[in-house]
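Notes follow the structure.
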Amino acid sequence: MLRQTATTFAVETRGRGLVEFTRPVAAWLAQAAVETGLLTLFVRHTSASLLIQENADPDVRADLDRFFARLVPDGDPLFRHVDEGPDDMPSHVRSALTSVQLAIPVADGRLVLGTWQGIYLWEHRHRGHRREVAAHLLGE
Amino acid sequence: MLRQTATTFAVETRGRGLVEFTRPVAAWLAQAAVETGLLTLFVRHTSASLLIQENADPDVRADLDRFFARLVPDGDPLFRHVDEGPDDMPSHVRSALTSVQLAIPVADGRLVLGTWQGIYLWEHRHRGHRREVAAHLLGE
Amino acid sequence: MLRQTATTFAVETRGRGLVEFTRPVAAWLAQAAVETGLLTLFVRHTSASLLIQENADPDVRADLDRFFARLVPDGDPLFRHVDEGPDDMPSHVRSALTSVQLAIPVADGRLVLGTWQGIYLWEHRHRGHRREVAAHLLGE
(Lines give C-alpha, C1' and ligand atoms only; values in the text may rest on other atoms or scores of the structure.)
Protein backbone atom coordinates (compact mmCIF):
# COMPACT_ATOMS: atom_id res chain seq x y z
CA MET A 1 0.00 0.00 0.00
CA LEU A 2 1.14 3.55 -0.73
CA ARG A 3 2.78 5.26 2.20
CA GLN A 4 4.86 8.37 2.84
CA THR A 5 7.74 9.40 5.02
CA ALA A 6 9.59 12.68 5.55
CA THR A 7 12.88 13.95 6.88
CA THR A 8 15.22 16.94 6.80
CA PHE A 9 18.77 16.95 5.48
CA ALA A 10 21.33 19.43 6.77
CA VAL A 11 23.86 20.48 4.15
CA GLU A 12 26.94 22.37 5.33
CA THR A 13 28.41 24.80 2.81
CA ARG A 14 31.77 26.57 2.83
CA GLY A 15 30.64 29.55 0.83
CA ARG A 16 29.52 29.94 -2.77
CA GLY A 17 29.54 26.74 -4.79
CA LEU A 18 27.84 23.40 -5.35
CA VAL A 19 27.79 20.73 -2.65
CA GLU A 20 26.73 17.24 -3.67
CA PHE A 21 24.46 15.35 -1.27
CA THR A 22 23.28 12.45 -3.44
CA ARG A 23 24.70 9.92 -0.98
CA PRO A 24 22.69 10.79 2.17
CA VAL A 25 19.53 11.03 0.05
CA ALA A 26 20.16 7.61 -1.51
CA ALA A 27 20.91 6.15 1.93
CA TRP A 28 17.65 7.49 3.33
CA LEU A 29 15.78 6.07 0.35
CA ALA A 30 17.42 2.67 0.82
CA GLN A 31 16.34 2.36 4.47
CA ALA A 32 12.79 3.46 3.54
CA ALA A 33 12.62 0.37 1.32
CA VAL A 34 10.47 2.01 -1.35
CA GLU A 35 10.46 0.16 -4.66
CA THR A 36 8.46 2.63 -6.76
CA GLY A 37 7.68 6.19 -5.76
CA LEU A 38 8.44 9.87 -5.79
CA LEU A 39 11.03 11.83 -3.82
CA THR A 40 10.68 15.59 -3.35
CA LEU A 41 13.39 17.87 -1.98
CA PHE A 42 12.86 21.50 -0.95
CA VAL A 43 15.49 23.95 0.29
CA ARG A 44 14.17 26.23 3.04
CA HIS A 45 16.23 29.29 2.08
CA THR A 46 16.05 32.09 -0.48
CA SER A 47 19.78 32.27 -1.21
CA ALA A 48 20.49 28.64 -2.08
CA SER A 49 19.17 26.34 -4.81
CA LEU A 50 18.71 22.65 -5.53
CA LEU A 51 20.14 21.35 -8.77
CA ILE A 52 20.74 18.18 -10.72
CA GLN A 53 24.12 18.39 -12.42
CA GLU A 54 26.98 16.37 -13.77
CA ASN A 55 28.95 14.68 -11.01
CA ALA A 56 31.94 13.51 -13.04
CA ASP A 57 34.12 16.55 -13.84
CA PRO A 58 34.54 19.17 -11.05
CA ASP A 59 35.19 21.77 -13.78
CA VAL A 60 31.45 21.70 -14.51
CA ARG A 61 30.64 23.05 -11.05
CA ALA A 62 33.36 25.70 -11.26
CA ASP A 63 32.17 26.76 -14.73
CA LEU A 64 28.57 26.98 -13.52
CA ASP A 65 29.61 29.21 -10.67
CA ARG A 66 31.76 31.39 -12.93
CA PHE A 67 28.95 31.77 -15.44
CA PHE A 68 26.42 32.78 -12.79
CA ALA A 69 28.90 35.20 -11.17
CA ARG A 70 29.24 36.96 -14.53
CA LEU A 71 25.50 36.85 -15.28
CA VAL A 72 24.49 38.20 -11.86
CA PRO A 73 27.41 40.36 -10.70
CA ASP A 74 27.93 40.94 -6.99
CA GLY A 75 27.50 44.59 -6.06
CA ASP A 76 25.53 45.40 -9.22
CA PRO A 77 24.36 49.04 -8.82
CA LEU A 78 20.97 47.92 -10.18
CA PHE A 79 20.15 46.38 -6.81
CA ARG A 80 18.63 48.31 -3.88
CA HIS A 81 18.30 45.36 -1.53
CA VAL A 82 21.88 45.33 -0.15
CA ASP A 83 21.19 44.81 3.56
CA GLU A 84 23.46 41.81 3.87
CA GLY A 85 26.17 42.87 1.45
CA PRO A 86 27.00 42.77 -2.28
CA ASP A 87 26.18 39.05 -2.60
CA ASP A 88 22.74 39.37 -0.96
CA MET A 89 20.48 40.30 -3.88
CA PRO A 90 22.52 38.28 -6.44
CA SER A 91 21.76 35.24 -4.28
CA HIS A 92 18.03 35.84 -4.59
CA VAL A 93 18.35 36.29 -8.36
CA ARG A 94 20.39 33.08 -8.67
CA SER A 95 17.69 31.30 -6.66
CA ALA A 96 15.02 32.61 -9.06
CA LEU A 97 17.06 31.54 -12.11
CA THR A 98 17.41 28.00 -10.79
CA SER A 99 15.03 26.20 -8.42
CA VAL A 100 14.33 25.57 -4.74
CA GLN A 101 12.83 22.13 -5.24
CA LEU A 102 13.37 18.84 -7.05
CA ALA A 103 11.01 15.93 -7.65
CA ILE A 104 12.73 12.68 -8.59
CA PRO A 105 10.87 9.44 -9.34
CA VAL A 106 12.02 6.20 -7.71
CA ALA A 107 12.08 2.97 -9.74
CA ASP A 108 13.45 -0.46 -8.81
CA GLY A 109 14.26 0.91 -5.37
CA ARG A 110 16.53 3.66 -6.70
CA LEU A 111 16.32 7.29 -7.78
CA VAL A 112 15.99 7.41 -11.58
CA LEU A 113 19.06 9.66 -11.83
CA GLY A 114 21.02 9.26 -15.06
CA THR A 115 24.57 7.93 -15.04
CA TRP A 116 26.14 11.36 -14.64
CA GLN A 117 23.48 13.06 -12.53
CA GLY A 118 24.07 14.06 -8.91
CA ILE A 119 21.92 16.05 -6.47
CA TYR A 120 23.46 19.37 -5.45
CA LEU A 121 22.77 22.20 -3.12
CA TRP A 122 24.04 25.44 -4.61
CA GLU A 123 25.18 27.94 -1.99
CA HIS A 124 24.92 31.46 -3.40
CA ARG A 125 26.35 33.40 -0.45
CA HIS A 126 30.10 33.85 0.00
CA ARG A 127 29.91 32.82 3.63
CA GLY A 128 29.27 29.18 4.56
CA HIS A 129 25.90 28.18 5.96
CA ARG A 130 24.08 25.20 7.38
CA ARG A 131 21.22 24.70 4.91
CA GLU A 132 18.06 22.73 5.59
CA VAL A 133 16.52 20.58 2.87
CA ALA A 134 13.08 19.14 3.59
CA ALA A 135 12.44 15.75 1.98
CA HIS A 136 9.20 13.91 1.26
CA LEU A 137 9.02 10.36 -0.02
CA LEU A 138 5.91 8.68 -1.36
CA GLY A 139 5.85 5.10 -2.56
CA GLU A 140 5.49 1.44 -1.82
CA MET B 1 -4.65 6.63 5.12
CA LEU B 2 -3.13 8.67 2.29
CA ARG B 3 -5.61 10.84 0.43
CA GLN B 4 -5.54 13.68 -2.06
CA THR B 5 -7.48 16.82 -2.78
CA ALA B 6 -7.27 19.48 -5.48
CA THR B 7 -8.34 23.05 -6.11
CA THR B 8 -7.60 26.08 -8.27
CA PHE B 9 -6.41 29.45 -7.02
CA ALA B 10 -7.14 32.61 -8.96
CA VAL B 11 -4.41 35.24 -8.65
CA GLU B 12 -5.17 38.74 -9.87
CA THR B 13 -2.19 40.70 -11.17
CA ARG B 14 -1.88 44.41 -11.93
CA GLY B 15 0.81 44.04 -14.54
CA ARG B 16 4.42 42.91 -14.33
CA GLY B 17 5.61 42.01 -10.86
CA LEU B 18 5.42 39.46 -8.06
CA VAL B 19 2.15 38.81 -6.23
CA GLU B 20 2.33 36.84 -3.01
CA PHE B 21 -0.39 34.24 -2.41
CA THR B 22 1.05 32.26 0.50
CA ARG B 23 -1.97 33.06 2.67
CA PRO B 24 -4.78 31.47 0.57
CA VAL B 25 -2.58 28.42 0.00
CA ALA B 26 -1.91 28.06 3.74
CA ALA B 27 -5.61 28.53 4.49
CA TRP B 28 -6.56 25.79 2.03
CA LEU B 29 -3.96 23.50 3.57
CA ALA B 30 -5.29 24.21 7.07
CA GLN B 31 -8.86 23.23 6.20
CA ALA B 32 -7.62 20.07 4.46
CA ALA B 33 -6.18 18.99 7.82
CA VAL B 34 -3.15 17.24 6.36
CA GLU B 35 -0.37 16.62 8.87
CA THR B 36 2.32 15.27 6.53
CA GLY B 37 2.21 15.48 2.77
CA LEU B 38 3.11 17.19 -0.47
CA LEU B 39 1.59 20.28 -2.07
CA THR B 40 2.05 20.96 -5.80
CA LEU B 41 1.20 24.24 -7.54
CA PHE B 42 1.08 24.70 -11.31
CA VAL B 43 0.39 27.94 -13.20
CA ARG B 44 -1.70 27.37 -16.34
CA HIS B 45 -0.09 30.13 -18.42
CA THR B 46 3.06 30.59 -20.48
CA SER B 47 3.72 34.20 -19.49
CA ALA B 48 3.68 33.91 -15.70
CA SER B 49 5.81 31.90 -13.24
CA LEU B 50 5.64 30.47 -9.75
CA LEU B 51 8.42 31.37 -7.39
CA ILE B 52 9.55 31.05 -3.80
CA GLN B 53 11.16 34.30 -2.69
CA GLU B 54 11.92 36.46 0.28
CA ASN B 55 8.79 38.03 1.73
CA ALA B 56 10.40 40.53 4.11
CA ASP B 57 11.82 43.40 2.04
CA PRO B 58 9.73 44.58 -0.97
CA ASP B 59 12.99 45.80 -2.57
CA VAL B 60 13.77 42.15 -3.32
CA ARG B 61 10.77 41.85 -5.63
CA ALA B 62 11.54 45.17 -7.31
CA ASP B 63 15.19 44.17 -7.80
CA LEU B 64 14.17 40.80 -9.26
CA ASP B 65 11.91 42.50 -11.74
CA ARG B 66 14.56 45.07 -12.68
CA PHE B 67 17.16 42.36 -13.17
CA PHE B 68 14.91 40.28 -15.41
CA ALA B 69 13.85 43.37 -17.41
CA ARG B 70 17.53 44.03 -18.16
CA LEU B 71 18.33 40.37 -18.88
CA VAL B 72 15.36 39.90 -21.22
CA PRO B 73 14.67 43.32 -22.74
CA ASP B 74 11.19 44.12 -24.03
CA GLY B 75 11.20 44.72 -27.77
CA ASP B 76 14.50 42.89 -28.29
CA PRO B 77 15.01 42.75 -32.10
CA LEU B 78 16.16 39.14 -31.65
CA PHE B 79 12.54 38.08 -31.24
CA ARG B 80 10.20 37.22 -34.13
CA HIS B 81 7.20 36.24 -32.01
CA VAL B 82 5.78 39.72 -31.35
CA ASP B 83 2.06 39.08 -31.93
CA GLU B 84 0.99 40.49 -28.61
CA GLY B 85 3.52 43.28 -28.31
CA PRO B 86 7.09 43.90 -27.11
CA ASP B 87 6.54 42.10 -23.76
CA ASP B 88 5.11 38.94 -25.37
CA MET B 89 8.22 36.90 -26.15
CA PRO B 90 10.17 38.24 -23.12
CA SER B 91 7.37 36.77 -20.99
CA HIS B 92 7.90 33.33 -22.48
CA VAL B 93 11.66 33.61 -21.91
CA ARG B 94 11.13 34.71 -18.30
CA SER B 95 8.84 31.72 -17.83
CA ALA B 96 11.55 29.40 -19.20
CA LEU B 97 14.19 30.97 -16.92
CA THR B 98 12.06 30.42 -13.84
CA SER B 99 9.39 27.75 -13.36
CA VAL B 100 5.69 27.05 -13.82
CA GLN B 101 5.39 24.67 -10.89
CA LEU B 102 6.34 24.26 -7.25
CA ALA B 103 6.29 21.20 -5.02
CA ILE B 104 6.39 21.95 -1.30
CA PRO B 105 6.39 19.29 1.42
CA VAL B 106 4.00 19.60 4.36
CA ALA B 107 5.20 18.72 7.87
CA ASP B 108 3.43 19.18 11.22
CA GLY B 109 0.40 20.45 9.35
CA ARG B 110 2.30 23.32 7.69
CA LEU B 111 4.22 24.02 4.51
CA VAL B 112 7.94 23.59 5.21
CA LEU B 113 8.64 27.14 3.99
CA GLY B 114 11.63 28.80 5.64
CA THR B 115 11.19 31.87 7.84
CA TRP B 116 11.58 34.31 4.93
CA GLN B 117 10.02 32.28 2.17
CA GLY B 118 6.74 33.22 0.51
CA ILE B 119 4.90 31.78 -2.51
CA TYR B 120 4.66 34.19 -5.43
CA LEU B 121 3.09 34.36 -8.82
CA TRP B 122 5.27 36.38 -11.17
CA GLU B 123 3.31 38.23 -13.81
CA HIS B 124 5.53 38.86 -16.83
CA ARG B 125 3.09 40.87 -18.97
CA HIS B 126 2.67 44.61 -18.50
CA ARG B 127 -1.10 44.28 -18.44
CA GLY B 128 -2.86 42.78 -15.43
CA HIS B 129 -4.37 39.30 -15.73
CA ARG B 130 -6.42 36.80 -13.77
CA ARG B 131 -4.07 33.83 -13.48
CA GLU B 132 -5.11 30.29 -12.63
CA VAL B 133 -2.94 28.15 -10.40
CA ALA B 134 -3.91 24.48 -10.12
CA ALA B 135 -3.15 22.90 -6.74
CA HIS B 136 -2.80 19.26 -5.72
CA LEU B 137 -2.40 18.10 -2.14
CA LEU B 138 -1.42 14.61 -1.07
CA GLY B 139 -1.12 13.54 2.53
CA GLU B 140 -2.68 12.28 5.69
CA MET C 1 -7.90 4.13 -3.50
CA LEU C 2 -4.72 6.04 -4.34
CA ARG C 3 -2.34 4.15 -6.57
CA GLN C 4 0.76 4.87 -8.62
CA THR C 5 2.27 3.80 -11.89
CA ALA C 6 5.52 4.61 -13.68
CA THR C 7 7.01 4.49 -17.15
CA THR C 8 9.79 5.91 -19.27
CA PHE C 9 9.36 8.00 -22.41
CA ALA C 10 12.03 8.06 -25.09
CA VAL C 11 12.28 11.39 -26.89
CA GLU C 12 14.32 11.53 -30.09
CA THR C 13 15.97 14.87 -30.82
CA ARG C 14 17.59 16.12 -34.02
CA GLY C 15 19.97 18.51 -32.34
CA ARG C 16 19.40 21.70 -30.39
CA GLY C 17 15.79 22.75 -30.04
CA LEU C 18 12.47 22.00 -28.38
CA VAL C 19 10.61 18.75 -29.06
CA GLU C 20 7.00 18.53 -27.94
CA PHE C 21 5.88 15.26 -26.38
CA THR C 22 2.54 16.22 -24.83
CA ARG C 23 0.72 13.60 -26.90
CA PRO C 24 2.43 10.41 -25.67
CA VAL C 25 2.20 11.69 -22.10
CA ALA C 26 -1.53 12.39 -22.46
CA ALA C 27 -2.05 8.97 -24.06
CA TRP C 28 -0.29 7.24 -21.18
CA LEU C 29 -2.40 9.20 -18.70
CA ALA C 30 -5.60 8.23 -20.55
CA GLN C 31 -4.88 4.49 -20.38
CA ALA C 32 -3.99 4.80 -16.68
CA ALA C 33 -7.54 6.03 -16.09
CA VAL C 34 -6.62 8.44 -13.31
CA GLU C 35 -9.28 11.06 -12.58
CA THR C 36 -7.40 13.19 -10.05
CA GLY C 37 -3.69 13.00 -9.39
CA LEU C 38 -0.17 14.20 -9.98
CA LEU C 39 2.17 13.49 -12.88
CA THR C 40 5.92 13.96 -12.52
CA LEU C 41 8.43 13.93 -15.39
CA PHE C 42 12.20 13.80 -14.96
CA VAL C 43 14.82 13.92 -17.72
CA ARG C 44 17.78 11.63 -17.00
CA HIS C 45 20.43 13.82 -18.66
CA THR C 46 22.45 16.92 -17.77
CA SER C 47 22.33 18.54 -21.21
CA ALA C 48 18.58 18.58 -21.83
CA SER C 49 15.67 20.19 -19.99
CA LEU C 50 11.94 19.78 -19.51
CA LEU C 51 9.80 22.79 -20.17
CA ILE C 52 6.21 23.93 -20.43
CA GLN C 53 5.86 26.39 -23.29
CA GLU C 54 3.47 27.81 -25.83
CA ASN C 55 2.53 25.26 -28.46
CA ALA C 56 0.79 27.55 -30.95
CA ASP C 57 3.45 29.60 -32.75
CA PRO C 58 6.70 27.78 -33.71
CA ASP C 59 8.46 31.18 -33.59
CA VAL C 60 8.30 30.95 -29.80
CA ARG C 61 10.53 27.88 -29.78
CA ALA C 62 12.95 29.43 -32.28
CA ASP C 63 13.09 32.66 -30.25
CA LEU C 64 13.73 30.74 -27.03
CA ASP C 65 16.60 28.92 -28.62
CA ARG C 66 18.06 32.11 -30.08
CA PHE C 67 17.82 33.89 -26.75
CA PHE C 68 19.56 31.09 -24.87
CA ALA C 69 22.25 30.79 -27.57
CA ARG C 70 23.06 34.48 -27.04
CA LEU C 71 22.86 34.26 -23.23
CA VAL C 72 25.09 31.18 -23.02
CA PRO C 73 27.40 31.36 -26.04
CA ASP C 74 28.93 28.17 -27.41
CA GLY C 75 32.70 28.19 -27.08
CA ASP C 76 32.69 30.87 -24.37
CA PRO C 77 36.34 31.18 -23.20
CA LEU C 78 35.01 31.35 -19.63
CA PHE C 79 34.45 27.59 -19.70
CA ARG C 80 37.12 25.01 -18.85
CA HIS C 81 34.91 21.94 -19.22
CA VAL C 82 35.17 21.50 -23.00
CA ASP C 83 35.65 17.73 -23.23
CA GLU C 84 32.77 17.19 -25.62
CA GLY C 85 33.07 20.39 -27.64
CA PRO C 86 31.96 24.04 -27.56
CA ASP C 87 28.30 23.17 -26.82
CA ASP C 88 29.15 20.90 -23.86
CA MET C 89 29.33 23.33 -20.95
CA PRO C 90 26.67 25.67 -22.40
CA SER C 91 24.32 22.67 -22.29
CA HIS C 92 24.92 22.23 -18.57
CA VAL C 93 24.34 25.94 -17.96
CA ARG C 94 21.11 25.87 -19.99
CA SER C 95 20.00 22.89 -17.92
CA ALA C 96 20.70 24.83 -14.70
CA LEU C 97 18.81 27.88 -16.01
CA THR C 98 15.73 25.80 -16.79
CA SER C 99 14.69 22.53 -15.12
CA VAL C 100 15.08 18.76 -15.34
CA GLN C 101 11.67 17.97 -13.90
CA LEU C 102 8.02 18.92 -14.12
CA ALA C 103 5.12 18.15 -11.79
CA ILE C 104 1.68 18.57 -13.37
CA PRO C 105 -1.59 17.99 -11.51
CA VAL C 106 -4.31 15.87 -13.13
CA ALA C 107 -7.96 16.93 -12.83
CA ASP C 108 -11.05 15.48 -14.53
CA GLY C 109 -8.85 12.82 -16.07
CA ARG C 110 -6.61 15.33 -17.86
CA LEU C 111 -3.40 17.25 -17.26
CA VAL C 112 -4.28 20.75 -16.03
CA LEU C 113 -2.26 22.32 -18.87
CA GLY C 114 -3.56 25.70 -20.01
CA THR C 115 -4.92 26.18 -23.52
CA TRP C 116 -1.55 27.08 -25.02
CA GLN C 117 0.71 24.93 -22.87
CA GLY C 118 2.61 21.96 -24.22
CA ILE C 119 5.25 19.70 -22.66
CA TYR C 120 8.67 19.98 -24.27
CA LEU C 121 12.04 18.38 -24.05
CA TRP C 122 14.74 20.93 -24.80
CA GLU C 123 17.80 19.42 -26.43
CA HIS C 124 20.82 21.61 -25.71
CA ARG C 125 23.43 19.69 -27.72
CA HIS C 126 23.89 20.28 -31.45
CA ARG C 127 23.86 16.57 -32.14
CA GLY C 128 20.62 14.61 -31.92
CA HIS C 129 20.12 12.23 -28.99
CA ARG C 130 17.68 9.68 -27.69
CA ARG C 131 16.62 11.18 -24.35
CA GLU C 132 14.99 9.26 -21.51
CA VAL C 133 12.24 10.87 -19.47
CA ALA C 134 11.12 8.99 -16.35
CA ALA C 135 7.44 9.44 -15.48
CA HIS C 136 5.57 8.85 -12.24
CA LEU C 137 1.81 9.05 -11.90
CA LEU C 138 -0.07 9.14 -8.63
CA GLY C 139 -3.83 9.29 -8.40
CA GLU C 140 -7.18 7.55 -8.40
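As written, the chain order gives the labels A, B and C, with residue 1 at the start of each chain.
Here, contacts are C-beta pairs under 8 Å (C-beta built on N, C-alpha and C of every residue); 3 or more make two chains touch, one makes a residue touch a chain.
Owing to the predicted nature of the structure, the values given are computational and were not obtained by experimental measurement.
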| item | value |
| --- | --- |
| Contact graph of the chains (line, ring, star, complete, other) | complete |
| Interface composition of copies chain A and chain C: same or different, split at half | different |
| Separation of mean Cα positions, chain C and chain A [Å, integer] | 19 |
| Touching two or more other chains - residue numbers and ranges from chain B | 2, 71, 97, 99, 103, 138 |
| List of chain C residues in touch with chain B within their complex | 2, 36-38, 51-54, 57, 59-60, 62-64, 66-68, 70-71, 97-99, 102-107, 112-114, 116-117, 138-140 |
| Chain B - residues contacting chain C, complex | 2-4, 6, 40, 42, 44-46, 71-72, 76, 78-81, 83, 89, 92-93, 95-97, 99-101, 103, 132, 134-136, 138 |
